[in-house]
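In the two complexes that follow, chain A is the common piece, with chain B as its partner first and chain C second.
For the complex of A and B:
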């Protein structure tokens, strides 16, 4: 049997195994490949750096555990940066399970900077209603937010009293895995109230956001795990996204090799049939 | 202790799901069924506490706001097709929903999506670096040729056919970028799971 025939009939489980090894080995023995910083990520970083201390950043956790692998590292790196610059974080979520993930992220980062709940950061919980809710939120926060995620009155927290409408929000950062998510913030919130929007999305939905980046409706973008790794590099926080980049690169090389090989075999088979 | 048990359960379920890559087996089936069951239970509780309770039951029964009876009645009309004699009642909530959606979303999508995106294609071609000029030309041509592809009132022949074909090429590049990002996303998910197994479970990294 010709070599190409053998490759064409290769057991798919061998391909799975090779992809698995391409991911596992670099995690155990990192190669330390460099992480290049792209302009959309730098733009988010620069905005956080440029904002005066005490600025209010609305962080919307619009994902669930299914996208945790891509978006949670970005959430950690972003919160780390916000707290380091002494900004106040007003967290909410368009996806119900995101609130729990947001709280876990707060528990991981806030103690590092001695930040206090209700003063430096708050979680107002899951907000259903998508577009209608966002349009109401920008006009009058009290119509949407009566309590924090624990059911305590929002007015009992200093930070809760500070945010009354979109004019009190200096930046919205959405960590978005789909719908409702980043598009709602851009199309409804940014267009109606003009509040700057930045986002971190899963890699699969990142290309969809590039037109909004070029139109200026989106301030910056962290696309997938790569975007998170870039942000980790910028804030000097070597964590799980950076650790995963070697695996990502090696797995991509393996996949590209398989695609090239598959196409060569296809051309070879066509010629043989002729 | 509870965290350790949780990690072991998560690791077992992760391995059970991945075992499908070798072949279908009872562990995979069990994990799949557990996932479906837990998701259904989780969402039932979440919908109750985040939608039904704060938006209907508390205002109606605790605060005594009788206006909330109207959405209850209109909501129940959605089930009217189950009774053929009164199935026409479903038109009331449907037209209400459509009317609200149209008035709200069309206006906002034109204002927030269509017009800014159209504006973003009015790009300068002078007074900027050469690469930026090239990039802007590419965007303008990409928009024009892709739109031509979706013009179906005349057959795609002659100049129109050539332009439509160039439009296809632009779309192919876009699909390629989407596919590349999709591969990246899937590998990222695998990295996330492997990281969990090696870091949280086995603690070897």
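For the complex of A and C:
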């Protein structure tokens, strides 16, 4: 059998093994490739830097554990930045599992800056209803938020009393894996109330947001694990996203080599038929 | 009556909400706000309906010993376990957090991680330049894949700028066209539902 015939019929388990090695080896022996910063990520960072101390940032956790690998590092880096700049974080979620992920992130970051629940940050829990909920939230928060995620009255917290409607929100940052998510915030919140929206999405969803970046409806975007790594670099936090960049680089190179090999086989098969 | 009443409600509410969006009259806005608050109450019930339906389907599967019925037992056990852990300990409960962090997160992440292997296999077998359009798509895909990771910068410093151009110009143009098409379709579908032409949401035969 010709060499290219053997390659064309290669057992896919060999492909799986090569991808597995491409991911695992750089985690054990890091390459230390530098992470370049792109404009959409820098926009988010610059906005947080520019906002006055005590600004209220609404953080919407709109993802589930399936997207945790890409979006949780971005959540940690963003919360770290907000707390370092002494901004107040008002967390909620359009996806139910996101609330627990958000709480875990708070438990990891808040103690580092001696932040106090109810004063510096709060979690008001999962809010169903998508577009209608966001329209109601922007008009009057009390119609949507009566308690925090533990069921305690929202007015018993100083931060809970500070946010009455969209005018009290200085920025919305949504960590979004799908629907409802970033598009809902842009279409129903930014378009209606004018509140600036920034977002972090999975890599596969990032290209879809570029029209909104271009029009200015989306202030900035952290796309996938790379976006999270860029933000970690900007805030000086070397963590999971940065560590994952070497693996992602090698895995992408391996996939591109597979594509090139597949097309070489295509050309060879055409020539053989002639 | 069985069909007239729901169609009338949809027509009335649909036209009212449409007008309320554009009419800045206090009465209209308050009534619109009330309707939206009622909607949120109805939506909350859907969570219970979803859980009830999930339990019903899996119990029937176990009763009639349908294919893979054994997995339904595990599903119901873990569903009950998470519900009890959440109700007893609350969202910060030790057991609930342990199950979430050590079962749900790793299992969900694993399911998505499998995609990486299948994408690699598909890339080898299916990403072929069979015609000019496929070739263009392939070149763009390879450039973006390499340019979006740090190794792209290491290979050539101009890669990130090239990729940003691809994302900001041709990608944005194409996505914008698709978004316009989708939104025009959504407007058309919404009008069809409001006017009662589209009735699939009612179920049953027309």
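To be clear about the criterion, the second predicted complex is superposed on the first by the 274 of 274 C-alpha atoms of A that agree within 3 Å, B and C clash if a C-alpha of one lies under 4 Å from a C-alpha of the other, contacts with A are read in each partner's own complex, and residues count from 1 in each chain.
Convention: contacts are C-beta pairs under 8 Å (C-beta built on N, C-alpha and C of every residue); 3 or more make two chains touch, one makes a residue touch a chain.
For clarity, every value in this text was computed on a predicted model and none was experimentally measured.
On the shared subunit chain A, the superposed partners chain B and chain C overlap sterically. Contacts of A:253 after superposition on the shared chain: chain C is touched, whereas chain B is not.
After overlaying the two complexes on the shared chain, residue contacts for A:162 are found with neither chain B nor chain C. Of the two partner chains placed by superposition, chain B and chain C are both touched by A:16. Once chain A of one complex is fitted onto chain A of the other, the partner contacts of A:25 are absent, as it touches neither chain B nor chain C. Within the superposed three-chain model, A:56 lies out of touch with both chain B and chain C [touch as defined at top].
Looking at the shared chain after the overlay, A:217 reaches chain B, while chain C stays out of its contact range. In the superposed model, A:103 makes contact with chain C only, not with chain B. Within the superposed three-chain model, A:144 lies in touch with chain C and out of touch with chain B [touch as defined at top]. In the superposition on chain A, A:68 contacts both chain B and chain C. More residues of chain A lie in touch with C than with the remaining chain of the pair chain B and chain C. Of all the stretches 44-52, 62-70 or 152-160 given for chain C, the clashing one with respect to chain B is 44-52. Overlaid on A, the two complexes show chain B and chain C touching the same residues of chain A, namely 16, 19-20, 23, 68-69, 96-97, 128, 132, 135, 203, 207, 211, 214, 224, 226, 248, 251-252, 255. Residues of chain B touching chain A in their complex: 21-22, 42, 46, 50-51, 55, 104-105, 108-109, 111-113, 116-117, 119-120, 139, 174, 177-178, 181-185, 187-195, 198-199, 204-205.
Of all residues in chain A, only 13, 16, 19-20, 23-24, 27-28, 68-70, 96-97, 126, 128, 131-132, 135, 186-188, 190-192, 202-204, 206-207, 211, 214-217, 223-226, 240, 243-244, 247-248, 251-252, 255 touch chain B in the complex they form. Here chain C touches chain A in the complex through residues 33, 36-37, 39-40, 43-44, 46-47, 90-92, 97, 100-101, 104-105, 107-109, 111-113, 116-117, 119-121, 123-130, 138, 141-142, 145-146, 148-154, 160, 164, 167-168, 171-172, 175-176, 179, going by the rule given at the top. For chain A in complex with chain C, the touching residues are 10, 12, 15-16, 18-20, 23, 33-36, 38-39, 64-69, 96-97, 99-101, 103-104, 128-129, 132-133, 135-136, 139-140, 143-144, 149-150, 203, 207-208, 210-211, 213-214, 224, 226, 245-246, 248-256, 258-259, 261-263, 266.
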